[in-house]
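A, B, C and D label the chains in the order they appear, each numbered from 1.
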Amino acid sequence: MSADGKVADYIPELSLMSAELFSLSCQGIDSPLIETGDSGQFFTMQSISKILALSFAIENFGRDNVFRHVGMEASADSFNSLMRIEMTSSKPSNPFMNAGAIAVCSLIYKAYKDGSACRLIAFMKSITGRENGFDERVFASEKRSADRNRALAFFMKSMGLLHGNVEAILDLYFTLCSLRCTSGDLAKIGAMIASGGISIHSGEKILTKETVFTVLGLMSACGLYNESGEFAVRVGLPGKSGVSGGILVSVPGRMGIGVFSPALNAKGNSVAGIKALELLSEKLNLRGLGE
Amino acid sequence: MSADGKVADYIPELSLMSAELFSLSCQGIDSPLIETGDSGQFFTMQSISKILALSFAIENFGRDNVFRHVGMEASADSFNSLMRIEMTSSKPSNPFMNAGAIAVCSLIYKAYKDGSACRLIAFMKSITGRENGFDERVFASEKRSADRNRALAFFMKSMGLLHGNVEAILDLYFTLCSLRCTSGDLAKIGAMIASGGISIHSGEKILTKETVFTVLGLMSACGLYNESGEFAVRVGLPGKSGVSGGILVSVPGRMGIGVFSPALNAKGNSVAGIKALELLSEKLNLRGLGE
Amino acid sequence: MSADGKVADYIPELSLMSAELFSLSCQGIDSPLIETGDSGQFFTMQSISKILALSFAIENFGRDNVFRHVGMEASADSFNSLMRIEMTSSKPSNPFMNAGAIAVCSLIYKAYKDGSACRLIAFMKSITGRENGFDERVFASEKRSADRNRALAFFMKSMGLLHGNVEAILDLYFTLCSLRCTSGDLAKIGAMIASGGISIHSGEKILTKETVFTVLGLMSACGLYNESGEFAVRVGLPGKSGVSGGILVSVPGRMGIGVFSPALNAKGNSVAGIKALELLSEKLNLRGLGE
Amino acid sequence: MSADGKVADYIPELSLMSAELFSLSCQGIDSPLIETGDSGQFFTMQSISKILALSFAIENFGRDNVFRHVGMEASADSFNSLMRIEMTSSKPSNPFMNAGAIAVCSLIYKAYKDGSACRLIAFMKSITGRENGFDERVFASEKRSADRNRALAFFMKSMGLLHGNVEAILDLYFTLCSLRCTSGDLAKIGAMIASGGISIHSGEKILTKETVFTVLGLMSACGLYNESGEFAVRVGLPGKSGVSGGILVSVPGRMGIGVFSPALNAKGNSVAGIKALELLSEKLNLRGLGE
């Protein structure tokens, strides 16, 4: 599948991916995984991992505690903006913007220190049934290109909105961004959410209903940065994208979908990924409209 | 049902409503209207009418034409903000903020001039099967309290983002805000959208699939002003609120819901309305999650 | 004198001026008026009249009363911005931005109603010794092109920052903008301020010391819109510019200078006017630095 | 002299100063230093050192080179704001805001690396004739409390507006902030500027006319953070303040003034310092107005 976008290059290591790659995976709640395209291709989760961090934090620290440090609203600002934090002198708009996710990571790091990354990797394994590790070169590349995220963290810290060792918190954040996955892994995570929190792989209850509601709601409201509204119009499903070109979608009660294609549009979302989801959503009436 | 909020008073006429009023109506796609509470009580649609204006405009002028004048993204700004328009020198963020809705009204007024209001009233009648007119005292009160909306319109006009006679466009906008309805009317509009665009009352095809996708998507992304994210978390359904205390919800493939209770929270949404929808959504598993 | 800028055209009537015009007038405190170039050419005061409105308002209503409605600080925003008013929910930054000047006009209009313009024309005559009236075609053109100023006024009114009839207040504002003058008139006003408030023409005490301090201070801080800092660096004297191409400068204890040349730079200030003032300031050591 | 303000405490070490301290020093161009109050008291220069950094940078790298990295305009934002940098994607508004001064330090550090601080200390000695060193405890305290400045630096770096090692650049910045001085030293620096760039102490030409014009202009436009306009109204002289409670003023052609009193108003400027300057300016007609 061709694509008009451009592979992310602000993190040098990401730019090595071929723009031609494409894979699509669907994991039904009660049916086997179906995949097409380059479904064996690993890529890094990037912002999609913000779902894992958020879910993990709510499960471990409680929803109210988490949202004392981050808001629930979409913002028209770009993913790495901090203007609104200065303007309102208050917590980041939502946990899917960089500033918000860094705040979530600070909570995790505060509780589990250097054990944080291992726990999140184990958390992901409990959902997908396997462990892919993280990409050390991408991690190193992120860390070297991290001035904006460093600015976000120090800015929040200076306003009392974030506590702890900035570099350690950012290391956790970059580790999450660098987690390896395939579109199949994304589909399994999406299916777990779609099923109300139960791992398709093990049948284990992973998330409480409250966490599922929260994650799904935020995916609807702000899962695709400042393209979330247009995604809601074109695809009409809760999703979460990453600059590696992946998009995770959860169709409540039906399935999880993972799609991957590295060429991005100007807002940092996969061009072919969105197109594929749009076609799929309409073809399978995934919005569930009456006919 | 008691409520902790406060009846809107920035438009004097709205403040006359009793905070104790409450009604809830559900219109299934294939089942009769069920209602409870003060379901005979009329109130004005206020911002809920922005759904009508948007749907009407897309049907008559085409989606691309409409969104040349207004965006599709939620903004963390308040409903009557214009900061972002100045900051970006570009069209209003979405058609559910005042500025965006005024832009939509300008398109309608340009096409139908003084016949615009009649056409919109007829459009609503084609959905609900009845005509309730508009509240002239609320209309007059809105017009007298309209300095902020006037500022929005003149601001957009000065930037070439809006054309035509500002007072005439605002008159159309206030007429829409002043349309009378019951929670049952809202439920019928919600059901029409839920069914994919077919009037429950007449079986007539009112909206194309494209319009339905667009309206549903924007309800999900920005239907409750800068409380849309929290609504997505707590209720998890596409909705649209108004400062009169009404909320319209559409459950794709299942039903439309109208709820009404005039006491509002700080973000301008009905306190009891949101609570009732939250309970209903969970009780009836309206998110459609697997169990 | 040639100029690289562009004659203002956002008010159509202004665009009729020839870009080639240039005049320079110096009025010493104790010496006669010296003029060069097209010194007989009339032009409209535009924003330079904001000095008159501010001085008149302080003299008649007291400094504290005036600055209850407008601030004293420069802003990096453009002259017709309202972003900061929304962001801070407070009065306009200073009386030389459009919003601030409209607020000052509202105070004058409140006190003198339809007699306001006459009083201001008489006020100017008391300084310059003559009456040039106002340009009715420019006035009409301003009024027709006034959507941005209308937006500013309605916006402030909606926030309780301005009271009274918006159109009447704007009429006063446009009348001031349309006042006719020559560079010699500007020099006389500048000299009156430079002398500590005494009309060169009549010896009459026009302004108290407090008013002089205030006007001079604000000319230093924000007399040339968001080019005030650069003007302070290049020219180093208190000044006030207008989009007609005039600049008024006051050299405390020494003289007033008026310069006129209609071609403007991107920030709305006269290109040749600033250049001439820069040369003059250095040649005559108008900053008064030790040698 | 009593004061209503509050001694700065955001840098812990600064809060140790007594609010009761006050000193005032005047250095005429052709007359001896006159001092009153606690004129032997040392304090740290804080933001007043931004004048040294700017002067040094212009002299060594040329005005155009310096202002390629920083603007010349006042901003209504607070001294440590970065909102406008994000909003406009461009260089800091002026060299007296923290972001702008850090940008200036980056130029100096790039040229002189670890020799930068020594050169600036020598530069100051060439003006005042003595060397007071810097306060190591204040330096250490600043460095520990530096998250906001760190955020500013990383933010600019991420936008390509600043280059080099952030911590080293900040060390230079904090060293400058920590330079020790008395009000007499400030008066001597002010007199050097007032004389057109000649050291009162040695008769040596320190600054070119161009640098003097630039520094004086920026002191007029934005020397007292977002209180610069009010200072221009009340005092009417080019000044530069610091959060230690010092203010440096330069009266062109006449004298330099240094004033010190640690209790600050809400905008971070010395309450008693401004009051003293206001009285002095009026008493001695330092604005130079005709009488």
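Going forward, a residue touches a chain if its C-beta (ideal position, glycine included) is under 8 Å from a C-beta of that chain, and two chains touch if they have at least 3 such contacts.
Molecules present, by chain and UniProt name: A, B, C, D = Glutaminase.
Here the structure is a predicted model, which is why all the values come from computation and not from measurement.
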Those chains which touch chain C and also touch chain B: none
Touching chain A and also chain B, the following chains: none
Farthest chain (mean CA position) relative to chain A: C
Centre-of-Cα separation between chain D and chain A, whole angstrom: 46
Whole-Å gap between the CA centroids of chain B and chain D: 54
Whole-Å separation of chain centres (CA-atom averages), chain C against chain D: 31
Chain B: positions in contact with at least two other chains: 87
Every chain pair meeting the contact rule: A-B, A-D, B-C, C-D
Contact set on chain B toward chain A in their complex: 29, 71-77, 84, 93-94, 194-196, 198, 209, 212-214, 216-218, 220-222, 226-234, 236, 252-254, 282, 287-291
Interface residues, chain D side, partner chain A - complex: 81-83, 86-87, 147-148, 150-155, 157-159, 166
